[in-house]
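Paired with chain B in one complex and with chain C in the other, chain A is shared by the two complexes that follow.
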Partner chain A sequence: MTEYLRYLPDLLLGIGGTTTLLLGAWREDKAGRDFVRWLTLVFLALAGAAAFYAALFPQGVSWIVWTPLAKAFSLVFISVGIWVVLCEPPPPLRAGEWYALLQFAIIGMLVLARSSNLAALFLGIETLSLALYVLVAFRYATRTAIRGGALYLVLASFASAFLGFGLALIYTAYGTLDVTRIMQIQESPTMLTFLGHVGVGLFLVGAGFKLAAVPFHMWAPDVYEAAPSVVSGIIASASKGATLAALLPLVFLFTSHTTTLYVITVITVIAGNLLGLLEQRPKRILAYSSIAHVGYLLVGYLALVSARGESTQTSHIQEAIFFYVVGYTLAALGAFAVLGQLEDGRTLYLRDLRGLLKRHPLAAWLLMVFVVSLAGIPPTVGFLSKFYLFLEAVKAGHVGLVLWALGGSAIGVFYYTRILAQLFMSATEGVEVKVQRDRLRDVVLTATACLTILWGMTPHFVFALL
Partner chain B sequence: MILALLIIVLLVGAVLCALADRVDRRVVRWTALIITSVDLALAIGVATLVSQGPIVFRLPWLPSWGASLHFEADGLAALMILLTTVLGVVAVLISWEEIERRSGAFHVWLLLLQVGILVVFLARDALLFYLGWELMLIPLFFIIGIWGHEDKQRAAFKFLLFTFGGSIFMLLALLYVYVRHLNLGMGGTFEIEELAKTPLSASEQWWVFLGLFIGFAVKIPLFPVHTWLPDAHTQAPTAGSLILAGVLLKTGVYGLIRLAIPLAPQAAEAFAPLIIALSLIGIYYGAVVAFAQRDFKRLVAYSSISHLGFVVLGLFVGNAAGYQGAVLQMVNHGLATGGLFLLAGIIQHRAHTRNLEVFGGLWKYAPAMGAFLLFFAFASLGIPGTGNFIGELYVIAGTFQLHHTLGALAALAVLFAAAYSLKLFLSTMHGPTARPWRAFKDLHIHESVALGILCVGLIAVGLYPKLVTQPLYFPPDRLVPTTGRVPERVIRAEAARGSLSSVSRMRSKSFSLDHEVVLVSEASK
Partner chain C sequence: MTLLAVIFYIAAAVAILATGAVLFARNAVNAVLYLLVSLFGVALMMYSLGGAFVAILEIIVYAGAIVVLFLFVIMMLNIARIEQHKDLQPPTRPQLLVPVILALVLMADLGIAIYAAAAGVSSGKTITVTAIGETLYRQHYLGVELASLVLLIGLIGALHLGSAAWFTHQKEANQDGTC
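Our next item is the complex of A and B:
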């Protein structure tokens, strides 16, 4: 019986999701909405506790494995769920669906974080994506939402097809989808078949789509802009973090594909920072920023590929990647949440930010902290995590790659500071914005900003999770 | 502990200013003034204590990376801290009337800017140094961009992009040295002193020095990468210009002294001819372009480029006189150019223009202001009695020791300084009155105090330069970047002439220091 305990967080969230879905359909008034909100919180907290303890039970051979890294990532994703529930007031309509989809998305992330089998990886990605398709189009009354949702659905299914076909070819080549088995086979001196290489290549394309790495990034700005801000935040941070977490045990697949990865990384870093330069819409800027951050994470991933076999170095790089994901998640979620307060069903432009300092000064200051962190300027976590990641990359011998990444981040500073300039330096005449205020959200965002600065000085707390 | 207090006081002050903003603008000003004065008192404390040996403060920070909160003040650092805190007080005084909009936020950024600067001057840990370095960016970006003049946003962006762009090369160089140190089995550490022991090959040193040099040269700024400075200076509010000219530019020179030269001593020597050439070009270029300016602040900004050329020249001629001259000029430039920027701000606040062509005959309306402008213009051209004279003399003497032609070139540049300084003074204070300046008021009391502080500093250094040169030799100063190439007879000859008495007094000591530096570079071969 105890071997099922390792699925306990997923089961809890599954039960929670189904319950909130049904309860939400039953009562649509304010009391009902609040009830499903707090119920979701309870289930997420239970899942968090379960994830904390499930890792302590003995692990058998399975599709999913609780490694310390997987446990840390799982806790982060559950925290993201709690953060979203607290930060975002329940939607006026279909609150039950909102919270159910959120919990299902987190199940997908949890599966991804722990997958030790490529089939589990596929299952996790699909669970996560299915929930996100609906969440992107959640405000279906607006046309952009439907368009964004449809775009995401079509392109992500396209990517899934690549991923699925890649997995099929890998299965043909190795005869198994179990990660450890594939690793053993690959380490034995047998010739790797052509099909295996093609499979890994297709797999890379699929994963690239999910991560929005260039040249598979086209969907990101449109989808981020169409989705409710907080959902864009999840897609940018936690969803990518989960995909990357699933890729971490698979480094050995890419040892003969480093050149491809190198090229993808360099163009992701450069393009992500260049494309956002002239953008006028802040959510699209954050989308390009998210592409650039995937590029930095890929720098870490390449270091991991190069460090294969060396256990202390591997664990250091994994720690750096984990820290980076945490730091980026804090800043991206926070920034998107602040932008979310300004949305009222129309396209948000940079100049709309001008009103924020007058209408809601706290939000303006918080957005500044998040943007500074995204730009990687101290004393925020964005600086220290980038520093750690690049330090590990230089240790792994990737000096040139780090120079590319640093150059990219120097370009990117320009668009981050454009946001800051709009917030604080521009004339506010003639700017009319409505700011939705919510006391709980202010508290949560302030706490997030404090963590962004605190962890930028004392990262031990994050490392302690591992 | 006193070093940590220096920074904590400012951080607490920033919080207090943010809170005081809810009460009243006056409360903010007084809070900022008290905080900066306390900091100044602490800095004076550091400067007196440092004669008995370096003050060290060390706390573990990131033990797994080998980074610690390691602050250390020796003579040079104490001087720089003193300069920073003096200008901190002056900056608050001069913003008294000028900053009316969002005064709370302004003072918060002003104090945070000083936090970054102090961290740079005190850090003996490369990561901490870099942290302080980047910490200076955002506050000054906002100070220029929010409270600046007509073209403020462009200037703020230019400043931020230039300095951030430079700093990435510096970061990469630091990471590389760290990783080399680690891979050689010497352990992972960011202690600058430890990193300096890394035996790098000549080509590695070359690259490391280049990376660090790009980062620092942008900040100084040296000739080809100086273009952000005139814009930033011109557009910044007075206090921003003051801190920018007074201390921020010195962080670049300081970084060369603390990081670039110790980490790559051989490369520093190899680069010296290029850097000397660049700084000579900068001296002349800055002076000539300054003379052609019509904008008060732009003129002073270009003169800054010229003066900073002298500093870097002194640093790289590779002898004790040059080094002492460089540090003297760092202090003097901070005080004299700071004074000129204050006057620029004061005049602009009254006249609503900086255009030199519409000024003229202001002495009649504001004699006290005129007297101060006369003093600072003379200081800027290096009149005896002010610190600038001594500083330039030392730098020129050091350059002569290296090469007579170079020395002559450097000496001739002083003539150019006289040209633009006198132009500045004459076109504002003398000549026909171009406009009826009826409402032109003379100095307020807080403005006089601010200017007076700078005056006293300049005269003190001018009459008693040991104030600056002596702390440099407080034991143990391991970082005097002299390379020992200077023929001893030059120094002896000068000592005999008696013009540079302190050189002769320092000679034995500085040559023993040379010996140490040479040993380090020998070991790294």
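Our next item is the complex of A and C:
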């Protein structure tokens, strides 16, 4: 029986999801919506506690493994869930479905963070993306929402097809989908067959779509713009973080594909930053910024690949990647949430941000902190995490790559400055952007901004999670 | 080449041809029929590899339920528009020629399979229902559960996006002037 306790967080979230779904359908008034909101929070908190202790239970043969890193990532993803519930007031309709899908998406992330089997990875990605398709198009009364949801659905299914076919070929080559067994076979002198190589390549394409790395990034700006802002935040940060967490144990698959990874990383870093320069809409700028950040994370991943399983170095790089994911998640979630406050159901342009500092100082200051962190300027967590990651990459011998990444971030600073500059400009006549205030959201966002700065100076709190 | 390998390769060829035809079929109903042929081919492939149960599932679940559902959806969605659309006309005789040939080849293949079974040729390892059940529900139960979760999410999504609730909500909000 203790065998099943390892799945306790997932089970709790599954129970929570179905409960909120049913209760939400039962009462749709204000009290009912608030009730499912707090119920979701309770279940997420329970799942967090369970994730903290579930790692203690015996491991056994299964699809998931509670490594310390997996535990830390799980806690981060559950915290993202709690953050979203606190930050976003319940939708006026179908609150039960909103919270149920949120919890199901987090189950997908948890499975990804702990997967030790490629089939679990595939199913985790499916669970996560399927929930996200619906969340993107949740307020489907507008044309953009439907377009964004449909775009995400089509392209992510396309990616899943690549991923699935890649996994099938990997299975043909190795005869197993279990990660440890594939690693053992890989280490034995038998060469990876041609089919295995093709499989890994297709797998890379599928994962690239999920991460929105550059040749596969086209969907990102449109989807981020169409989705409700918190959902854009989740797709940009936690969803990518989960995919990357699932890829971390798989470095050995890519040892003979470093050139491909190198090219993808360089063009992701450069193109992500260059494309952002031309944008006039802040949510799209943040989308390109998230593409660039995936590029920086891939720098870390490439360092991990070239560490070749050397244990101290591997764990250092993994810690740096984890820290980067945490830092980026804080800043991206926060920035998207602030933009969501201003959005008010229409497309937001950069010029709408003008004079925000005078009109709504809190929102402007918060946005400033988050954007500064995204740009990687001290004293924020964005700077320190980038510093750690690039330091580890240099130690692993990727000086050239780090130079590319630094060049990319230098370009990036330019468009982040464009956002910041708007805040200080005087407001355009006749453009009055309403800010939807919510006291709890203000508190949560302020706390997030404080953490962004605090963890930028005291990173050991984050590393204590590991 | 053993008899089972012959069965396998014929079925595989039919499946590949039929799947290719799905991509290039101009007529939606025709495409679904090709898909049906392809699934039968895959089922025979499974059978020749010793997976009789999987073959049956392939026919019952995919061919029997899902593809027939496709057919129903295609036929029912656009009843009013079928008259105008060339693509949705019922297939003509020349269009049916290729699927019929493919189906005949498959039938011949099935004949060989029956002959092989009668002659006592088997692949040596037959995967029993018990073995499948053991693997699925003892070792890989997480996969079963996750797959059911994916289906549940799909169901919620379809129901949510299919309802008109947000449109009416939007209209009311616009009338109130609050939105």
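One rule holds for everything that comes next: the second predicted complex is superposed on the first by the 460 of 466 C-alpha atoms of A that agree within 3 Å, B and C clash if a C-alpha of one lies under 4 Å from a C-alpha of the other, contacts with A are read in each partner's own complex, and residues count from 1 in each chain.
Just so we're on the same page, contacts are C-beta pairs under 8 Å (C-beta built on N, C-alpha and C of every residue); 3 or more make two chains touch, one makes a residue touch a chain.
Keep in mind it's a predicted model, so treat the numbers as computed, not measured.
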Item to complete: Examine A:Gly201 and indicate which partner it touches, taking first as chain B and second as chain C; both and neither are also allowed.
Response: neither
Worksheet item: Which partner does A:Gly164 reach: the first (chain B), the second (chain C), both, or neither?
Response: neither
Discussion item. Applying the document's definition of touch, where does A:Pro89 land relative to chain B and chain C: first, second, both, or neither?
Written reply: neither
Practice prompt. Using the touch definition from the top, say if A:Gly32 reaches chain B (first), chain C (second), both or neither.
Written response: neither
Worksheet item: Which partner does A:Val394 reach: the first (chain B), the second (chain C), both, or neither?
Response: first
Practice prompt. In the overlay, answer first, second, both or neither for which of chain B and chain C A:Pro379 touches.
Written response: first
Discussion item. Contacts for A:Trp63 in the overlay, against chain B (first) and chain C (second): which applies, first, second, both or neither?
Written reply: second
Practice prompt. Tell me which partner A:Val402 touches in the superposition: chain B (first), chain C (second), both or neither.
Written response: first
Worksheet item: Which parts of chain A are touched by chain B and by chain C alike?
Response: none
Worksheet item: Contact residues on chain C for chain A in the complex?
Response: 139-140, 142-143, 146-147, 149-150, 152-154, 156-157, 160-161, 165-167, 169-170, 179
Item to complete: Please name which positions on chain A make contact with chain B in the complex.
Response: 372, 377-379, 383, 387-388, 390-391, 394-395, 399, 402-403, 406-407, 409-410, 413-414, 417, 420-421, 424-426, 459-460, 463
Practice prompt. Report the residues of chain B in contact with chain A in the complex, numbered from low to high.
Written response: 62, 64-65, 127, 131, 134-135, 137-138, 141-142, 145-146, 152-153, 156-157, 160-161, 164-165, 168-169, 171-172, 175-176, 178-179, 182-183
Fill in: For the chain A and chain C complex, residues of the former touching the latter
7, 14, 18, 21, 61-64, 92-94, 97, 100-101, 104, 107, 111, 119-120, 123-124, 126-127, 130-131, 133-134, 137-142, 149, 345
